[in-house]
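In the two assemblies presented below, chain A is common to both, partnered first by chain B and then by chain C.
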Partner chain A sequence: MTDRTYMRVRHDMPPGHVRTPAYLRGKIGWVERTLGPFPNPEQLAYRQAGQPLPLMRLRFTMAEVWGDAADIPQDTIDAEIYSHWLEPADAPHAP
Partner chain B sequence: MTDMQNTQTGRRWHDMGGDAAGPVPTQQHDFSLWEKRVDALMIIASAHGHFTVDGLRRVLEDMGPDAFETMTYYERWIASVNQNLIEAGVYTTSELAQRMTAVAARGATYGEAASD
Partner chain C sequence: MPHDHHDHLSPSGHPYRPDDDHPLTYWQQMEIAVRELLIEKGVTTAQAINAQIDAMDARTPANGAAVVARAWTDNAFRAALLDDASTATREMGFDIGPMRLIALENTADVHNIVVCTLCSCYPRNLLGLPPDWYKSRAYRSRTVKEPRKILAEFGVTLPENTTVRVHDSTADMRYIVIPHRPAGTDDWTTDALCALVTRDSMIGTGLAKLPSA
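== the complex of A and B ==
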């Protein structure tokens, strides 16, 4: 697919409340759809006003997420990630 | 658990996605009255704008893996609800302490008794 927009989940490991699962950090997926904006839960968790942010539904291949451990590499998983955790990326290499 | 899971720089202990899960219990169980009240208290506190589910989760995570192993689900919830209500200024620890002492003075069977 040439019309896909690929994004990489930032590989940050901060302390405190974040809403981005560690197993997806550093992984590249494509935008399935854009949701929101929703208030940033990482601010709401500390009683701060949540900055409205787009919530991106990304689609990852199992090959991208689990590498050689993937049972069915072409299967996909969707995850909704707040936009401040994402940066533009090139498509990952085919498995 | 690996030693990466409870450090300040690696994956945090509660972030379990991808770990081996073991068998999944499918049996339903009844909730006791106090557990239903904890659930209701969370909904009321959220509806009144005192805190959100994000704050509930934040405190549950900060309670650490020991609490996860030694406390039941709603025991952890009431600890987190309490922490958030104090942070929100709904009551003080002193007010809580005095109320707990007063309730305890009613006796161990309070809740089962029809009226007093």
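== the complex of A and C ==
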């Protein structure tokens, strides 16, 4: 699938209100669609004006997220991740 | 024989459940205190609060079922729904408020299931209040890791070559699954089709009912 845009979710554990699930941090997925811009919930949570950010729907394979523990490796998880949590990445290697 | 022990059993033959009487929790007390203060200070009224509760209770999965049945029978609507579900459902007449919706279509090869691992995001405007299990830690943590086991516990076993797509409702979007239309319903009216669309089939933990045998 050469036309996929792959992104890695930042592998950070900052304090505060964050809507990036911990189980996806550091994982690589491809962009399913782009949504937004929506205000950054990490700022809204503290009554600050939320900076408008693109919201990416990323699609991950079960193999990428759970490794050998995946039930069916080619099943997928989609999640909405704010763009400041994403960095460009190459396609993950086949397990 | 269960019916022999009249002291401990209800007329149905089952043990009586203990009454659900317990002191108010911290957050229940907090909710009452804040509500009373808002009314006392004239910010809102008891009538306005009751009207909101009524509005919330009036939303049921029948709304979502009407959307699904129309998608099954009206190709232009189906295309519009998959393209922009917020606009399509609003134009159908549903007051979805600020909710932003994505419709996920089940096909012969793909089964979609929705979860919110971070809290309990749910398309309430179309499906009403979420079931308790949807908010449980077990459903939220297990669905992203072992969706096929969860599906099996709901009585849905899918072939290995059906792709299961889990959708974690992590941010601004809400999701409704468009279940696969059962075979043998080609000449059915939308009203009749609505009766096949269950709440769970729109969460993805179930399938649409089959035409009753």
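Rule of thumb we're sticking to: the second predicted complex is superposed on the first by the 95 of 95 C-alpha atoms of A that agree within 3 Å, B and C clash if a C-alpha of one lies under 4 Å from a C-alpha of the other, contacts with A are read in each partner's own complex, and residues count from 1 in each chain.
The criterion applied here is as follows: contacts are C-beta pairs under 8 Å (C-beta built on N, C-alpha and C of every residue); 3 or more make two chains touch, one makes a residue touch a chain.
Given the structure is predicted, the values throughout are model-derived calculations rather than measurements.
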>> Is A:G36 touching anything from chain B or chain C once the two structures are fitted on A? First, second, both or neither.
In response: second
> Touching A:I81 in the superposition: chain B (first), chain C (second), both, neither?
Replying inline: second
> Looking at chain A, which partner touches more of its residues: chain C or chain B?
Replying inline: C
> Which partner does A:H17 contact after superposing on A: first (chain B), second (chain C), both, neither?
Replying inline: first
>> Contacts for A:G26 in the overlay, against chain B (first) and chain C (second): which applies, first, second, both or neither?
In response: neither
> Which holds for A:Y46: it touches chain B only (first), chain C only (second), both, or neither?
Replying inline: first
> Looking at the overlay, does A:G67 come into contact with chain B only (first), chain C only (second), both, or neither?
Replying inline: neither
>> Quick check on my understanding: which residues of chain A belong to both its chain B contact set and its chain C contact set?
In response: 21, 23, 41, 66
> Which part of chain B faces chain A closely enough to touch in the complex?
Replying inline: 8-12, 15, 17-18, 51-52, 54-55, 57-58, 61, 87-88
>> List the residues on chain C that touch chain A in their complex, please.
In response: 100, 117-118, 144-149, 160, 163-173
> Can you name the residues of chain A that touch chain C in the complex?
Replying inline: 19-21, 23, 35-36, 38, 41, 55, 57, 59, 65-66, 69, 71-72, 74-82
>> Could you list, by residue number, the parts of chain A that touch chain B in their complex?
In response: 13, 15-17, 21-24, 41-42, 44-47, 66
